[in-house]
Every structure is written in structure tokens, then in C-alpha cells.
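Questions regarding the structure given below will be posed in turn.
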Amino acid sequence: MKRVDGRKPTEIRPVEMKVGVVKNADGSALVRFGNTEAIAAVYGPKELHPKHLQDNEKAILKCTYMMAPFSTTERNKPGPSRRSIEISKVIKEAIEPALFLEEYPRASIDVYILVTQANAGTRTAGINAASLALADAGIPMRDLVSAIAAGKIEGEYVIDLNGDEEKVTLADIPLAYMPREGKITLLQMDGNLPKEDVKNIIKLAIDTCKKLYEMQKKVLKEKWLKEGVE
Amino acid sequence: MNIQNRYMMDLINKGTRLDNRGLDEYRKITIKSGVIAQAEGSSMVSIGDTKVLVGIKMDVGEPFPDTPNEGILIVNAELYPMASSSFELGPPDENSIELARIVDRGIREGKAIDMEKLCIEEGEKVWIIFVDIQPINHDGNLIDASAMAAISALLNTKMPKYEDGSVIYEEKKKKLPVKDIIAMTTFINIGDKVLVDPTIEEENIMDSRVSIATSQNGNICAIQKGGMHGIKPGTIEKIFDKAVERGEEIRKIIKSNV
Amino acid sequence: MKRVDGRKPTEIRPVEMKVGVVKNADGSALVRFGNTEAIAAVYGPKELHPKHLQDNEKAILKCTYMMAPFSTTERNKPGPSRRSIEISKVIKEAIEPALFLEEYPRASIDVYILVTQANAGTRTAGINAASLALADAGIPMRDLVSAIAAGKIEGEYVIDLNGDEEKVTLADIPLAYMPREGKITLLQMDGNLPKEDVKNIIKLAIDTCKKLYEMQKKVLKEKWLKEGVE
Amino acid sequence: MNIQNRYMMDLINKGTRLDNRGLDEYRKITIKSGVIAQAEGSSMVSIGDTKVLVGIKMDVGEPFPDTPNEGILIVNAELYPMASSSFELGPPDENSIELARIVDRGIREGKAIDMEKLCIEEGEKVWIIFVDIQPINHDGNLIDASAMAAISALLNTKMPKYEDGSVIYEEKKKKLPVKDIIAMTTFINIGDKVLVDPTIEEENIMDSRVSIATSQNGNICAIQKGGMHGIKPGTIEKIFDKAVERGEEIRKIIKSNV
Amino acid sequence: MKRVDGRKPTEIRPVEMKVGVVKNADGSALVRFGNTEAIAAVYGPKELHPKHLQDNEKAILKCTYMMAPFSTTERNKPGPSRRSIEISKVIKEAIEPALFLEEYPRASIDVYILVTQANAGTRTAGINAASLALADAGIPMRDLVSAIAAGKIEGEYVIDLNGDEEKVTLADIPLAYMPREGKITLLQMDGNLPKEDVKNIIKLAIDTCKKLYEMQKKVLKEKWLKEGVE
Amino acid sequence: MNIQNRYMMDLINKGTRLDNRGLDEYRKITIKSGVIAQAEGSSMVSIGDTKVLVGIKMDVGEPFPDTPNEGILIVNAELYPMASSSFELGPPDENSIELARIVDRGIREGKAIDMEKLCIEEGEKVWIIFVDIQPINHDGNLIDASAMAAISALLNTKMPKYEDGSVIYEEKKKKLPVKDIIAMTTFINIGDKVLVDPTIEEENIMDSRVSIATSQNGNICAIQKGGMHGIKPGTIEKIFDKAVERGEEIRKIIKSNV
């Protein structure tokens, strides 16, 4: 089976990962899968204002997912949508398991994700970027979080669906995974498949997350090496 | 962790719960359909003390450009503070949006409604189905109660007449073309235990939550993981198996109430 | 004169009254007049947050009137409307005279009304339900508040207008009354009538409120009896 | 209760007021119409130190489906904090909405405007009348001042021309078809006393407020009770009688200013 | 060159200036240029609430510019627009240089401008009115602020553009000036002209501001004289 | 004033800056166009550590009634807190609106785009150009960076095809008809010194700010003064002269990146 863009079923799109792309932020990263690109910036941990919103037992993690108006073929109207509000919520729940929020009572950690190019897989690109940005900010983490979507097209399990594939896949299953912890932190599905297929697709996605994890670690290592040199 | 939570944890670890249920056991489910005179369809579902009212309204409008011969499904949830002190006045927040979107995906991906039969004139006029979820009392597991009420209300729906460009709400005859009865089952895990049908107290101490919609043929048609902790792949697989089983039972309850 | 639904001019629609319909609330009630149904839930008195909104001399009563989207023949768009904001205000002013707010400084009492079925008379159904819910919550009250709308159709004064009648009445006069106190707490009118007619309609509405008052007391008594037994 | 309020109460119980008026007496009323060059009609009304500016704008649009041969009336009030430190910036709050809706009901129910004469093409095009209420200074009794300014502005309105599908605002000739001059009179009661035309200080200590719109034939066409206390049926009846009397006087003042 | 309304190029429209037009305010003024009219009211300096918004080093000046819905030929939709938000900002920046905000730590000074008639030049009319209202409120000022717009039509520099002229001018340059301080506090331009033209138009606007300044001072003097008499 | 600000002031009075630039000197400018696959045109501009991404989207809609044969330009700026802790979530505030409107005026008044060439059918269908400004990192002088990115993105724009009533985004051929390259130059003054291209630290201590858009023939086409202090007419005149000079240089940089 040949995919629309010539990839093999288990092949991801060309990936680019960079950290430190937003100078003002405490940590930041850009992650690109083909024509899907997300930038994440982390501000914090910092004291949360106003005080009555503080939690005395842990830091409050806030996640915002936003699409640039020009990131989609038809202009995306600025401002939050029902879709972006839901995605902000699941991204927060995908990332929070990796953090030790109880170490920072009364603080806030703000994660802002901007999708600059949207060709399917924006939430998973955003999670990969957010995870890198948190590490770049030097925030202690249980694990990195890696994420990818997978599906089934013409009888085959395929990884990292692009926009054209998203329209024909029998299921679209975005997944986030903490490889060292061995835990799934994001799991959604739109589609219609027997449970065995779903299980297999999840396995494929987890395998791919492990590869992305290595790429994320490499990018961070390079950054730390470079900083050590400077 | 306070004393009640610790006690709940102890019970759960022994395989039982505050209300004496087994971990795999649902609370009492009741369904009452056709309760709203003004709605095309309606259903009030209780699961224990959780009560959700769903009303279906229909109207005619333009189809979306990419589906010119299909009706339009709009699912909306109003978390009005009447039902719980944890709800707040104001525009829909992330919880109400997530609830509506999970129910929407179950119905949509499970192809519960024959959307092509809702086309009146291709590219011009199609039926719009509004599924409005209105929790009356929130004692946990809103997702399953809402989905069950939504499906029951759809099954209860009679379409108004459409004549000379206007909807005649007074004349309702044809049933809505419902093709599949979707069942939504939500599981929470606390430590290494998996529970169905959580109460609000159990939701407050859960690690994670997984909601799964299944269709009549046993296929999975929507998944949503929630909660602030990760979950092991093995646990997920077990949940899938249970979701298919449980789904069958829920479908039976829904059918017996039509 | 025979009314569209066969009632006599001074006859109200079939009435249902229940308390305790919302478990989470401190008090709650459902009131139905034919195809008009409202649920009311009361939370409080409880400490008001944030503190700078507290009144040191009395509790703050908040009333919200909302129609379920499916409660009307044409779907009612969710969210507050100009109409629902005005009705929330007049309901608050209809209920507040019955309460001893000065007994609960710095507190709030929140009343939420949900109209589940709307066939005229929703604000008066809401007031009857709210009054029951406050009593069900055990909040001390000067008096119960009873409410009904009345009008004039084909030369006759009619009580408890339904949706069809609302379109042809010469006046629509919703009224709320505290029978023991002998005071009107809600009075509105849309229409066009000589003042003598208006006075007569008000008298008819007050008489009906007295009957509703007995029904409200009965429902509450039954509940207290039942509780005593348990 | 502070000293000023106690003093006011004492005076009121003796049948007089801080500004020496009788309980039944209005403050000085002045009406200046035609004050806004850009509006189709306008009027600035002062009642004592309360000043309200109303402007009328007209446009053409589709009628409501249930009144295909009638114009549309839209009444709006902006409680801009310029006029009072008790007003707040932001979308219309309950006070501004209530004010607009009371004035709207008076005009609408009193059939002040011949709405059928505002139909251009049945079911397709009708005139829309925007009545915008803009308080300039709020010293009590905004309702009466707003209604008086609204009616005066409507009487002052000249309709623009409508030609070839567009409104020509530069050419205004025909008067707006005003059929009835509605008078709004607001009463407050404090204890067992009833006062007309309250100042802001009096409104702050009132038990309740009743606003009554009457039409030229002495009929009542709108009522709104406000305030945090109940009112006795007997008091209401007395207020009705006074409202009809007072309405006559207000109508005279309005007519003498046309 | 004769202008559409018969004015000479350097002639302003008939001007009316009044103070004390809003009794409730600490200071207020009305300024009219032909069919452009603005009312300004000042409340403050007063303690700012809630406290966490206070600035310990100076008063916070808030300016709001609003158009009455009936002030324009086509009804102006109520509520803030992008245009009115920008104008509120530049008016604030035009007025703030005249004030000693550092004298009033933790306070707020609120300036509300209402445009009742709009026939070009509303922001400059608003600034003239706001400046008078601040003086009327007795707030110490470095200087009064005077403002006017100017442009170029048919080869001539023209002052105080009206609505018709605004459509044909080669540039629309509103300017605010503190005459005693010799400083420009508002300067904007829409148009397309060589810089020499722009410089000349600015000079013309400054000259006219000096005349308006005298009118403003006269109005204030009359008010103070009258107050002295009373 | 804190120590860093005092030190900055001292340097500025000596004619230099924290980053060793002269008062008249810009930071390093880089322009990368065509960076967004989904946009009709795009450009990422860096000025020092300030980075702004602009994307151009096009659609077809109805023209404004007063310009029936011209396209429509909509400029929007999103100050997303990703780019600076001084930005806040929520609807556009006065800063984001001002930024968009300054850039809009430069393009519009400078007649940068031949709007009449964007008419498809007079009075019925014209192209709409959306210029969306998205700062990625804010280290001062957002106005110049945004304007530069906007013009570069417009120069980079290829128009989609319009056929049978729909926009075919997949086929892009014709370049957008850009007639003029507008240059925006912003100056701040601190005391009697004038600086170009301020950093965020410099903006924090500025007295006032003047932004000037110039077109290719050296004309001024938009001005916006900002900041909480007045500015002398003589200083303004000097700034005009510099703006025209600087504008030439900026235009060169933009052109060399097309």
C-alpha cells in the first residue's frame, strides 16, 4: 500500500524539532510534521495572581491551544472555538501526568500552543512541542510526553495521518504516551472499528511515540550540550 | 486525603464501594421518554441520583457545503448550576463542551442517525437536529447518562411536517430515522482498579476516566480519555472488552424503554 | 364562555407540585401548570465568595431564570436573553419580600429556575417553584409567594392563560402575592384596558393565588410528615 | 438608616419632601425636541436634574414572520457611566434592559405608532424604528423621563425617503405615523406613603415602585412593579387612579412641546 | 476657495462650549463644532476599587469614547467597536500629559466622552470637552489640551473638516496640543501627502488650537466668576 | 526609576544604547517569506529578538456598498501570550486593535494594493484579503516588524482561483496586485533624544512614540503618535525627515527579500 504522499504505512512525515524558539518564554519549542507545525511556549512556574485563585497544594497548569487564522485552508476565525476549548482541555490532561505540580504550591505554569500550520495532527504536534518546551524551561518532569495519531486505511494500519488521509481513515486515534512510565495520557477516537483493530492501532501509535521520544531527547541533549559549551 | 476518601479507597481495593455496589455494577437506571410537550423528542434518564433531561428540537436550514445531501446534528450541553454547585453560570466551559462533543461523536461516528434521509433538497434544505443536554442533578457519570438520554430521546423523536417553506411543529408523524443504538460506557481507574458508573465522590478521587461508545455490531466508534493521570495500555485493553459487554446491556435497557 | 382547552374562566390548568426534585440542592421544587413546567433549586444560605461582594448587613439573593432550549416550539437559543434577564430581575423582586435576608449577613442565597416546558405563565410557575424550594431548603420565610397570570378574553376575566390564549387576551397580567402578608410582590401588564378591568383582573389573580397557596402548603406538609416518619 | 434618610422619611410622613415638593408633585419638566441633526427624531427631556436624550433612527429590513405587514420597533437604553456613578461600562445590565423594555411595552401596547403604515412590501420590507435612550444625568425617575423623551422624539420624527432599495437619509418629509401619546407615570411607596417623580435619594429608600403607562383614552397599557418590598392591593388601586390623572397632565406637557 | 459650507479654509465651524452639563459628575463639559457634538464627564480622583488594580505611584486615568447610536446617519450599533477602542486609547494619551497623576496614588480618574452628534472631528471635540471637564472638576493641570483636525482640499490647507470634506481631503490629521507647554499630545494621519504638506497642516492645526485654547479659558473663567458671585 | 533604567538613560544621553546600537540604528532584520503552506502569502520577520509572523488568507464576499468595485482589506493582530508575558488571553484589547489599525492604515492609505483589480463582479463579489499579524516573540517595535511582515507577505501572495462560485485554494497562480511598498518606521523619544527601533526595555521608559508610514514616492501616508507624554512640533518635524530616509532603507530590505 502506497500512501497519498508516498509514505509507508508506519512512516511518519518529515519531522522538525527545535527548542528555544520564543526568547521571552521560560521554555519553548517548535515541532513540525510535514505541513503541520506547532509552537509551544511555557511561562512559569511563577506566583499565581490574583491570590484567591492559588492552590495551596499544587501549581495550577493552564494550557491553551490556538490556531493561527492563516494555518488552515479556509481562514480560521480568531478566538476560541468549541473545538479549541476541548483540545486545550485534553492537552492539559495529556501533559499534567508528566509534571510534579505538588512541588510548586501557589504557582502557575502556563503553556501556550500556537498552531501555525494545520494539516492534521495538530493536537499531537502541540503535545510534543509542549513537552519539549517544559523540559526546555527546566521544569522537573516524570517523563517526556510523545504523541502521534494513527488510523486504518484500505485495510492497513497507518501512522501520522495527514489532512487528506484524515478524511478517508476508518478511525482517527490521537494518542500521547509517556514511554518511561509506560502510560497513555491522551487517547481519543473518531471512527468505527472492531476493538481488535483499535488495540492494534494503539500499539502502532505507542511504538511510534517511542521513536519520537528518542528524537525529543536528542534535541534536548543538543541544546544542553550547546549551553554547556557557551 | 481526607477520611472519607481514604475509606472509599479501602473499599475499592477490597472490590466494593460506598454504596455497596461491585466495581462492575451500575446504579439503578430509569428512562422516561416523551416528557416534554414542546420537544420533537425527549427523555429523562436517571442513573442513581444523576438525572439528565435531553430534548430534541428540529428545524430546517442549509446543509454544510461538504455534505450537501445530509442533515445536520448539533449537540449542546448546558451545565446550569441548578444541577450542581460545581457548575457555573456563563457561556459553555470546557466541561460542558467536552460532554457535548463526546455525545456528539458517539452519535455521529456510530452513524446512529441516517443523515441522508434528512435531506429535503440537496445543497439547499436539510433537517437540523438539535440535541440539548440538560443535567437536572449531577451525582457522577454525566457522560453515560447524557448519551443514554440523547439516544432515547432520538428514538422518541417524531419529525414535524415541512410544507411550503415552513416547519409545522403542530403536525408530527414520521419517526426520526435512527439506524443504530449507540451505548456509551465510562470507566474510571483508581490505582489499579477499574470502576464503572462512578459517583461524584468517586470521580473526585479518580486517576483517569475513559469513555467508550460502541455500536450494535460491537464496534468501537468513539473514545475519550480524561483525568489528570496516565493509564496503562493493558488497562485500556481490558476496558475495551468491558465496554463492549456493558454496551450490550445498556442497549437492552434503552430498547426496553422505547 | 368555553376556553380553548375546555376550562372555565376561573379554572387553572392541571397543577403538579413536587419538592425535593434536585438532590444536590438545599431545597428544590417542580411546578407544572398544564404544559408549562418549571424546576427551581436553592443553594444557600452560604458564605459569599469572593468576599468583596459580600454585604455586611444582609444576604445577597441571586435569581436566575433560564429556559431549556427544548422548552419552546421553536428552539430557544441557549444563554441569557434580554427577556430572561428582565424576568430574572422581577422574579428576584417577587421573592425577596418573603425572606429575612438581614438574618444572613455576608451570605448568598442562589435561586436557579429552569423552565422545562413553556406554554405561557413560565415566570409565575417559576415563582411558585422558587417559593416552594426556599421553604424546602428550610430558609425562614415571612410568607410563601404564590403567583398566576390573568387576563380578559371575549368579555370575560380568565385565569392562568395558556399559550394560545396569551395571543388573544386583551391584557396579560402576571401577579405574585404573599397571602398572609396581603402584599403583591410581582405585577406586570401588557395590554390595553380601562383601569376598572385591570383592578378586577388583579382581584381574580389574588383569589387564585390564595388557592395555590393552600396547594403549596399541602405539598410542604406532606414532605415534612414524610420526613418525620423516616 | 443614616441621618439624611431618616430626615427624608420624617418629611415624607408629614407629606412633604427634601426639595419642598408635595408627594404628588413633579419636578420641573422641560422638553427640547429636534436637537440631533443626524437623527430622524430626537428629544431631550429634563425632570429636575434628571436629563434623558432620546434619538430615533430608522432603517429598512425584513418584517418578523408573524407580523409580515408591520414595521419593527426596537427600544434600547444605554446606561453610560457618564450619567451616574451607579452605572457601569459593559453590555446592557438588568436595569438598562428593564428600562428599555418598560418604555417599549408602553409604546407597543399603547399602539402609539401605526405599525401597519410602516410596511413597504408585505413580508419583505418594512421600516425599523430604533428608539435609543441615552440618560445624560440620572437624578431619579429615569423611567418617566425616558418614556417622555421617547414619545416626544417619535412625535418629532420625519421619515427618510426609501427609493430603489436604499434609504435616503438626506431627504426627510413624511412624519412618523404616531397614533397615540402614551404617558408613563412612576410611583414609589415608602411605608404607607405614595410619591410621584422620585429623586435618586428617594429611590434609594423606597419600598417598591410602580410604573404605569396610559393611553389617550385613559386605558392602562403597561404596568411594571419593581423594588424589594411587596405592595398592598389597595395602594395599587389608588396608584391606578392617580396614574390616569397624572397621565393627562403629562400628555398636555408633551403636546405643548410638539 | 469656498468650502462646501461656505467657510474660509482656516475658519472653524460655529463652536459652542459649556461646562457643568452633567450634575452628577465632578466636572463636565459640552463642546460642539457645527453638527459635531461631544459631552465629557469626569468622575474622580477617587479611590480605585478593587484594590489590586491600584497603582501605588500614580492615579490611573481611564478614558472611554462612545458614540450615541443616533449620532450618525446610519445608526451606530451600541457597544465598543475596534474604532472606538482605538480612539479611547489615543484620547487617553492626549489628555494624560496634562495631568499630575503622580499626585493621586491609588486613585482613579474616569473620563467618559459621549458623542451625541457626529459630523467629523468627534475625537478632537471629545478631547476639547474632556480637557474642559477636567478643569471643571478642579483637577490641577499642567495645561489645557486643545484639539482640531486639518487637511488639504483642492490645493489648500483647511481646518476643522466636516463630514463631506473628510471624504475628499488628501489627508485627515487630527491633532491635540498643550499651548503653554508647546507640546503635541495627539497626532494621527490618514492620507497621502509629501512631508512638507504634513508639516504645514500641523502648523495650521497648532495655530487653531491656540484660538480654541482662548475659548476654553474664557468658558472656564465665566464659570469661576459666576461661582464666585453665587 | 530603577538602576537599569537609569543606566539606559545615561547611555541614551551619550548617544548609545544597552545593545551598543546608535540611536538611529536598527537591530538586525531578517525576512523569510512563504513559510506557511496553507496561507496564500506569508512572511516571518525578525528585528533583533522581535519576531512576527504574518499570513495572508483570501476569500470572496460582497463589497462594501460605498466601494462596490473594490476588494476588502481586513487586518487583524493577535497578541497571544505565547509571545510575551505582557499579553493576555481574551478578545483583542486596545493594543492589539491599535497595532492592526496602524498597519491597516499604512497599507490602505499608501494604496499598497490595487483594490479595483480585486473586484470580481461589481457590487456582488470581490476578493477579501485577510492580513493576520501573529507576534511570535515581542522584544519591542512590534509596529515596524508587523508592517514589514505584512508587506512582505502581501508581496509573497498568490491568489487562489475563483470558479463557479467557489474559491479553489489548491490552484494559486496570479500574484496579488501590490502597487506600492509601504515602509513603517517607529521612533520613540526619551527626554530630548529620538531613537529608532526601540527594544521592550526602551519602550518601557519612553516619553512618546511616533509611527510613520511612507510610500515609495516619499509621501507620508499614515501617522500615529502614542505614549503618555507630549512631543514638541520641532521634534516631530525631525522625525518626519528621518522617517522618509529610513523608509527608503526598509523598502530596500523588503525588496531584496522578495
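Which chain is which? They are A, B, C, D, E and F, in the order written, and residues in each are numbered from 1.
Operating definition for what follows: a contact is a pair of C-beta atoms (placed from the backbone, for glycine too) under 8 Å apart; a residue touches a chain by one contact, two chains touch by 3 or more.
Remember, it's a predicted structure, so these values are computed and weren't measured experimentally.
Considering every other chain in turn, the ones in contact with both chain D and chain F prove to be E.
Among the remaining chains, the Cα-based centre furthest from that of chain F is the centre of C.
Chain A and chain D have CA centres that are 58 Å apart. With centres taken as mean Cα positions, chain E sits 51 Å from chain C. Averaging Cα coordinates per chain places chain D and chain E 31 Å apart. We define each chain's centre as the mean of its Cα atoms; on that basis chain E and chain F are separated by 28 Å.
Taken residue by residue, chain B touches two or more other chains at 92, whereas all remaining positions touch fewer.
Contact topology of the protein chains: cyclic, one closed ring where each chain has exactly two touching partners. Order of chains round the ring, counted from chain A and going first to chain B: A, B, C, D, E, F. On the side of chain A, the complex with chain B involves touching residues 82-83, 85-86, 88-90, 93, 96-97, 173, 178, 181-195, 198-199, 202-203, 206. The touching residues of chain B, when paired with chain A in their complex, are 92-94, 97-98, 100-101, 105, 109-111, 210, 215, 218-233, 236-237, 240-241, 243-244.
Against chain D, the residues of chain E that register as touching in their complex are 21-25, 35, 39-41, 43, 64, 66, 68-75, 78-79, 110, 112-114, 116-119. The touching residues of chain D, counted against chain E in their complex, run 36-39, 42, 49, 53, 55-57, 59, 76, 78, 80-85, 89, 91-92, 130, 132, 134, 136-139, 169.
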